[in-house]
Amino acid sequence: MSWQPLEQLVAQIDDGARVAIPPDYSGVAMAATFALLSRGVRDLHLVAVPQAGLQADLLIGAGCVKIMEAAGVSLGEIGLAPRFREWAQQGRLQMMDATCPAIQSGLQAAEKGIPFMPIRGILGSDLVALRDQWQVIDNPYGEDDPILLVPAIRPDVALFHAPLADSRGNVWVGVRRELMLMAHASATTLVTVEENYDGDLLADPVYAAGTIPHFYITGTSLAPGGMRPLGFFGDGSVTDSEHLIRYEKLARSEEGFFQYLEEQKIQLAGVNQ
Amino acid sequence: MSWQPLEQLVAQIDDGARVAIPPDYSGVAMAATFALLSRGVRDLHLVAVPQAGLQADLLIGAGCVKIMEAAGVSLGEIGLAPRFREWAQQGRLQMMDATCPAIQSGLQAAEKGIPFMPIRGILGSDLVALRDQWQVIDNPYGEDDPILLVPAIRPDVALFHAPLADSRGNVWVGVRRELMLMAHASATTLVTVEENYDGDLLADPVYAAGTIPHFYITGTSLAPGGMRPLGFFGDGSVTDSEHLIRYEKLARSEEGFFQYLEEQKIQLAGVNQ
Amino acid sequence: MSASPSASGNLDYSTEEFLAVTLAERVLDAGHLVVGANSPIPASAALLIQSQSGGSAEVTILGSREFMQFTDGGKELFDFAAQGRMDAFFVGGGQIDGQANINLVGIGDYPGSKLRLPGSFGSAYLYHLVPNVVLFRKEHSRRVLVPKVDFVSAPGTSPANQYRVGGPRWLVTELVVMEFNAEKARFRLHSIHPGHTLEEVYDRTGFEFDTTEQPPITPIPSADQLTRLRGDVCRALAPVYPDFCQKAFGV
Amino acid sequence: MSASPSASGNLDYSTEEFLAVTLAERVLDAGHLVVGANSPIPASAALLIQSQSGGSAEVTILGSREFMQFTDGGKELFDFAAQGRMDAFFVGGGQIDGQANINLVGIGDYPGSKLRLPGSFGSAYLYHLVPNVVLFRKEHSRRVLVPKVDFVSAPGTSPANQYRVGGPRWLVTELVVMEFNAEKARFRLHSIHPGHTLEEVYDRTGFEFDTTEQPPITPIPSADQLTRLRGDVCRALAPVYPDFCQKAFGV
């Protein structure tokens, strides 16, 4: 394994792929997302781990997303995610509404190679009826004790931005271990990286504790600033609120959304409008 | 939370407690074990995570253990664990024979607050018939697909030795995350610590990645060398093989075992022989 | 309210301070409080409890750097709750009904909602597992407090045989404090904020609730609470919510 | 064998080198090999494969510091196997029977065994999930290779409906290489080590197996393999097993 150009990295995401993406506070691969938009990827099944924001809204607005699996989609304190909202309201998006721990448990089931995971709570939520694959069984270790089962979630691709990687492909994520869970659970893991780590991350016991070993990583691209305009746990940078406020305003209409893309110099290939 | 003397730490382990202990390569609290022997703790249910060695053999030989739950008990390359072997052969120990991942999954079920966890493999092993609480169900997500369930393992106490802790009680374990799993799954977590970390382990993002937050930790004692004669991942020290070879030889007989304890200046309180 | 709170002595306080104190009174004994993202008033309440506890109460604020002490990834919060280690949690709701069902998914029929909201996040889970869930929605209107939610993100009550160790205990709005009675599956008016009347509460609430004829008035912040809010809490919260701190605490 | 291997050319090699090469031939295509603790000969085999692959083959040696690249605790190895990422695994057995059942728990009736062994460790699990499990037990005797194990730690075969993506493929001892046929649930003699006879194999094996009348002789190490063992492998393994390296590789 070694570093590869960003275009080569995103070329490994096929149309129709099930792609796991992290929440806005946990290393979103925005540069890779812009590259995907330019490529005109189609029919993605996005799995938000467990929620999504700008990244999902952009991909939805550009017609790249078929299925949205998430516990929540919003722009956080900026407000609702306008393209998500409109597409969902118009029924143009196959929604798989979830709750955060159900997505975590589904990924953990995939990580453990088991078909399902039991989970407490959730019963009585309308989510249960919506989700065909969620089953309620009687707890074999209890009496008259219904418990929910959620199936394993096995993404084709995990895509995220990380602070450090070394030339062997080891990737440091620190306490953001949902990224490690995504890598364990996914068939392919693609990572854009803020900075090269000169050495072997696994050889240092303090760095090793927050490192995803290279044998889970399919490809890494050096992409400094690859999370912008979102904030990043890696360098402590915060989200560019003004950027998001402007996006939220423009993207309330389809015209405004495409104006935003133009302003960002994102050329869409074959927009499916 | 703050540092406490070793005697105070082990005083929190009651007779009859279910105590989770790590494997020999992962920070065994030997000084605390010697203190437990001196106190004459009784009727312990040891949960080896997932295997045990010298620590379990000493506690078994001194009559402190009622139930032994483990995937394996041995002195590693030194050989069989002599007291374990004799007590098991004589039926003086309630054995809960397991396999490594079943113990990990049981602890993960406790960590997740779920009553059980499904696990692949194992079917067809005589272990399944031995363990009343292991159940085989038909995978609700498959067809004619039997799968094993193991119940949650909720230890009363997790006991281990760690490289670093700070004065707030945050404990650094690096990549040895079975120790973190033990802490999450257990009602009480007691830790002997090699070295004080001057500062806040959670405030440094590189250390934080390998740190158990203080709110899982019940007590810490500073006990440099508290893993001896075993090796330690924390300082890279290796097991004192000569010590273990001598132990293995002596402990083949009950007399030899007590001779060893005497040589180690361990005074047993009220030996139950 | 900030100009001249009707039941106040000489104290002057902002609406945010009043609501933070009112929320804090609901979770006095909590050892570990968790606050969702983008929730500065509940965060202030939690940090006030921490200040009053002399620092022994733990506060986790999702989405912050400073008050996020988890080290095992996104799942840890939920595992932590299921382990029984989370005592109190604040949650909002696009709609809240008289049975304490909450809706964070959308207004109208799913999926072609009239207004699609972000989603249920962790509510469907934490609502069952955290002993003291405090519902906080500033807006008190028939739009929010409805007879029946359009979508149940999380149910207020569960059948007796279902495993449930937690649930909603309180509802705090800009108008009232209500206490939830899970057995009756009904709210009871606990107190009305200074300057408001029972008639106004009836008028602006879309669901039925129990009350006495003359419900108590919600206590105003004490001098000690205000000192802590403007001192300890403000210092702790400023890095997370600088704009809010200036507005709420005037510092 | 080390003095003058009967089928050798001019090469001189130790028993350990011969067995390491013989094991390595069983796992030539493995991308990620895992070796249990206290298993220097399988470790040598895995590192030989790594050397031959130009470094692309991954080797994990449990209990070592140098060849332990997992970062998610004790469970990771097992999750990793269940994810289908582990290609080959070496395992021993207190008893091995003709159906490839293995016993690591005890000799005699459980639980009052005549000889209590350490326990099943991960075998009951990995035996089902790793595509190429290689059984390695140096001692070839009727004590070890029995008609029926006293305790099944892990079964050699499973009913067709059971989920099973892995299992035993090979058995290597000081005497032979046997290949396991899961459909027939029987071993077939693949080759006899130089200097031994079929009669001797019958004599020292407690279970029935298939064979041709003149089974092949196990190939001896090539010059290239010996160079790698004494170079790359020895350098890599010396920190883990210093005594073994001196004995096996004479360096």
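The first chain written gets the first letter, and so on, giving A, B, C and D; residue counts start at 1 in each chain.
Simple rule for what comes next: a contact is a pair of C-beta atoms (placed from the backbone, for glycine too) under 8 Å apart; a residue touches a chain by one contact, two chains touch by 3 or more.
The structure presented is a predicted model; accordingly, all values stated were derived computationally and were not measured.
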Between subunit A and subunit B, the fewest steps along chains that touch one another: 1
Contact distance in steps, from subunit C to subunit D: 2
Chain located farthest away, centre of subunit B as origin (C-alpha): C
Whole-Å gap between the CA centroids of subunit A and subunit C: 29
CA centroid of subunit A to CA centroid of subunit D, Å: 41
Contacts with 2+ other chains: residues of subunit A: 105, 112-114, 119-120, 139, 142, 145, 147, 175, 180, 208-210, 233
Contacts with two or more other chains, residues of subunit C listed in rising order: 70-72, 78, 82, 129
Pairwise chain contacts under the document criterion: A-B, A-C, A-D, B-C, B-D
Subunit B-touching residues of subunit A, taken from the complex the two chains share: 105, 112-120, 133, 135, 137, 139-142, 145, 147, 149, 151, 173-175, 205-210, 233
Contacting residues of subunit C [partner subunit A, same complex]: 37-38, 63, 65, 70-75, 77-78, 82, 104-106, 110-129, 151-155, 158, 161-164
Subunit C-facing residues of subunit A, complex: 23, 25-26, 49-51, 70-74, 76-77, 80-81, 84-85, 88-91, 95, 97-102, 104-105, 108, 119-127, 130, 139, 142, 144-147, 175-181, 233, 236
Of all residues in subunit B, those that touch subunit C in their complex: 110-114, 180, 184-185, 202, 208-213, 215-216
Subunit A-facing residues of subunit D, complex: 32, 58, 69-72, 75, 78-85, 129
